[in-house]
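Shared between the two complexes below is chain A, which has chain B as its partner in the first and chain C in the second.
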Partner chain A sequence: MVRFSAALLAQLGQALVALVGAVGTQAMVLAAAASATLRGQCDGEELRAALLRLGLGSIPVIVSTAVFVGGLMVVQSAPLLTRFGAESYLGWGAGFGILREVGPVLTGLMISGRVGSNNTAELGTLTVTEQVDGLRALAIDPAGYLIAPRVWAIILTTVIGTVVSMLVALVGAAAVGLFLLHVHPLTFYNGLTSGMLTWRDALHGLAKAFAFGVVIASSSTAFGLSASGGPPGVGRAVGAGVVSTAVLIFAMDALVSLTARAP
Partner chain B sequence: MLGGFVISLDRVYKSFESPVLRGVTLTARGGRILGLVGPPGAGKTVLLRAIAGLLDVDAGKIRILGREMVQSSDKTRRNLQASIGMLFQNVALFDFMTVGQNVAFPLVRRGEVPSEIEARVARELAEVGLSGFEHRQPAGLSGGQRRRVGIARAAVTRPPILLYDEPAAGLDPVTTSRTFALLQKQRDRLGSTLIVISSDIDRLLPVADELAVMHEGRILLQGTVPDVKNAGDPIIDQFLEGRTDGPL
Partner chain C sequence: MSGERHSLGGGPRTSKASRGPSAEGDRRSLRGSDYALALSTVQDGDVQPMPGFVLPHDESRASLLVTVRATASALAHTEPSAVVAQAYEIGVRSLPFLCLVLAFVGGIIVYQAGIQAMRIVPDTSGIGPGYIELLVRDLAANLTGLMLATRVGASIAAELGSMKVTDQLDAMRLCQTDPVAHLVAPRFLACVLVTPILTIIAGACALASGTAVGAIAFEIRPQNFLDPRFVTIGALVSGFLKSVAFGLAIPLVSAHAGLYTRVGSQGVGDATTSAVVGSSVAVIVLGFFIGAILHIALGGA
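== the complex of A and B ==
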């Protein structure tokens, strides 16, 4: 029993050390990106390329997910709204859920899966094949050339992607509301803008999107740059990065939700 | 710096899980080829990376072109790195660039004018026998071609110091001979100081002006090739002669 407890304690200790190490590495990534940006060394060409590759390429998957999410919210709430004759609240209900929770969280998870894992794999490959050291050997600071452009591209992609996702999900909800509950789009719009939803709700969602963007950028970059052990090491880094980012997204979601609760 | 010490290391230590460099003292004179040899695990690659400023050593001094690298500011370190060209053991070509972009990259980052960049890239690729390869992707090259592109990229800025980690690893005998001839040509053409790690002792000895033998994190001996060969050290003799019997 004592031996079992000691082994458990040792494992917990190792996990704690690993957690502190991971958080420390992510903090260093963010510090490096901020420092390179403030020194004017964030490579503009790389930022543009990263935005096009990571950001623009994510729009189709964000749009297609958002349409279904908006529609499904209406499908799930339809029985309740119909029973109480509260179809006119459809716009408010859908808007509340989409703006404050579903839009940012699902977009964050989609971007984590597509962009974050891609970022970890790219940086991991660059690291294990000594290409990052190759940059440093050419007197090129990886913080300005590799880290800062990717961090900013992922944060911008998450925030802009969330805005797109929110708008498309609302359109999807209105469309399904029309066909399923026969709620006119104008009624949906009136519910949305009746005053029960305010700019604070949209801001709440955008704050989450920004926090998720920071988490995805720092986590995926840190795991990529820490990869070791050849191609299998890159695979391990991608897997660990995706899991870690997903957990951090929900942790940040809870943190932002608790610190800025709905009135 | 021609003839003087371009690189000097004084009692350099570095440990990871265990000690790798145990008080390395080494010098390299201007315009010469220094061969760095030793059994696997001797610490050669770690030493080369320390000279290139790619890792922080635990103790000791590393002077590059008369300036201290250890514990220098990032700016000083980058300035010193700009005077070094390096070929990594696995070449480390940038996979997301073409061959031409790889070779041009150091010049682009230095803000050279496009016409000058184009001319120098063409010249360096011609020097390594890869004219017309500008638009090829690194993934489509053979191992030898990748190494030659790496050599071209290392030399394109005409740095005073070139560090080559196994420039002929895995190459056939003819390409190996051509590669070592190319290193001699670079020394003569650019006046650079070369430190070359190679397991191919037979090809390295004829081109090296000096030899440093490394074992278990220390330099056993540094000197001209005849001096090292005639030193009478049993470890060095066994290593250079490739015998299986002996202290190694």
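== the complex of A and C ==
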């Protein structure tokens, strides 16, 4: 019994040390990105390339997910709405979910899957092939050349991607509402703009998107830079990075939801 | 003939008898094009393939359908002990992560729903039953699916991809073991078996945290909150069907990404990315279609 609890305690301690280590690494990544940007060392070329590669490249995934997220919101609310005959509330219900909760979270998860893991894979490859050390040997600061451009590109991609996905999801919800529940798009629009939803709801979603962007950027960069052990190590880093980003996204979601003042 | 039947790709070639075993031929006999030839000969019906040895090494023929067919025909050759090991790996080791996420989401949703309900009518009696209905019909299955797509999809693709780039899959083929039967099929079976169970456990976590948030933030008594009056048979069927569909889709999409990892230092990372994205999209799309089809089939009830 004593031995068992000692082992348990050791495991708990290891998990705690790992957690503190992960938080510290991510804070270091963000600090490196911020200080490189403040010193004016954020490489513009790299930022543009990262935005094109990560941002434009993930638009198909974001848009296709958003259409189905919109549809999902309608399908989910369909039984409740038909039960109470409250079709005029469809726009409000779908808009509420898309703007405040499900839209930002699902977009964040998809961007984490697409952009975050891509970033981890690239940085991990650079790390295990010792190209990061090569940069240092050439007196190029990895913080300004690798970290800062990627962090900014991911934050921008997440915020802009969430705006795009909110708009697409609303259109998708209106379309599915029309075909599945025969709710006229105008009814949908009226429900959306009836005054129960305000710009604060959209802002709430955007605040979440920003928080998710920061978390995706820091966590995917940190896991990429600490990859070790050849190509398999890169794969492990990507897997671990995606999982911990998902946990962080939900933690941030709870944090933003609970700290935002109830209107 | 029966002696040659179990040789690697060489069986059908020597049966053509026109080509002698040259050095070049011996080297080539281990390559994918010959395997494809073996497959085509098999389809002609005169030579049997090695048991479960069904996935073409020929990368140009790669498609999800080929992987699905290979996995389906390898199921009979699966070792039960491997399935149990994978069920532990996929099921038990994902459980803390799943429970944490679902508990977070459950709490947030009840909190948001409570705020909205207060905005319109200050009546919190509908929150609990509505939340339970949503949880049973959609939320538990969808969120568990998404999280498994992330956790299990990434790990399957990373494992198989690492084996692919370090030539371990080819080594298995050389040892006359089928990578699909030994690696993919156990993961597939384990995921199919474990996903509905995980959905129920994770859903229970979401229910507990939702009840707690309702009690703390809106002073809803748990006995009023835990009221399953909106849960219909249709909702139960929908939730169950979704979890089974996700359990089928996630391992297949991820294993496909892992099996066809490109060789190179970025290959495994790319395979993991496409496994996570592919299986997440599969979960969202399948969730939408199952929900829509059931809505139409049950006549809007």
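Convention: the second predicted complex is superposed on the first by the 261 of 263 C-alpha atoms of A that agree within 3 Å, B and C clash if a C-alpha of one lies under 4 Å from a C-alpha of the other, contacts with A are read in each partner's own complex, and residues count from 1 in each chain.
Keep this in mind: contacts are C-beta pairs under 8 Å (C-beta built on N, C-alpha and C of every residue); 3 or more make two chains touch, one makes a residue touch a chain.
Source: prediction; values computed, not measured.
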Chain C versus chain B on the shared chain A, clash or fit after superposition: fit
Residue contacts on chain A - larger count, chain B or chain C: C
Partner chain(s) touched by A:T129 [first = chain B, second = chain C, both, neither]: both
First, second, both or neither for A:P185, with chain B first and chain C second: neither
Partner chain(s) touched by A:G24 [first = chain B, second = chain C, both, neither]: neither
Which superposed partner A:G13 touches (first chain B, second chain C, both, neither): neither
Which of chain B and chain C A:D141 touches, first, second, both or neither: first
Three-chain overlay, vertex chain A: chain B-chain C angle, C-alpha, nearest 10 degrees: 90
Closest Cα approach, chain C to chain B, once both complexes are overlaid on chain A (Å): 9
Common ground on chain A, meaning residues reached by chain C in one complex and by chain B in the other: 125, 129
Residue numbers on chain B that touch chain A, as the complex places them: 49, 52-54, 74, 78-79, 81-82, 84, 86, 88-90, 92-95, 105-106, 109
Contact set on chain A toward chain C in their complex: 61, 64-65, 68-69, 71-72, 75-76, 78-80, 82, 96, 100-101, 105-106, 109-110, 112-114, 117-118, 120-122, 124-125, 128-129, 176, 180-181, 196, 230-232, 234-239, 242-243, 246-247, 250-251, 253-254, 257-258, 262-263
Chain A residues within the chain B interface of the complex: 125, 129-131, 133-134, 136-141
Chain C to chain A touching residues, read off their complex: 97, 100-101, 104-105, 107-109, 111-112, 115-116, 118-120, 130, 133-134, 137-138, 142, 146-147, 150-151, 154-155, 157-159, 161-162, 165-166, 232, 234-235, 264-273, 276-277, 280-281, 284-285, 287-288, 291-292, 295-296, 300-301
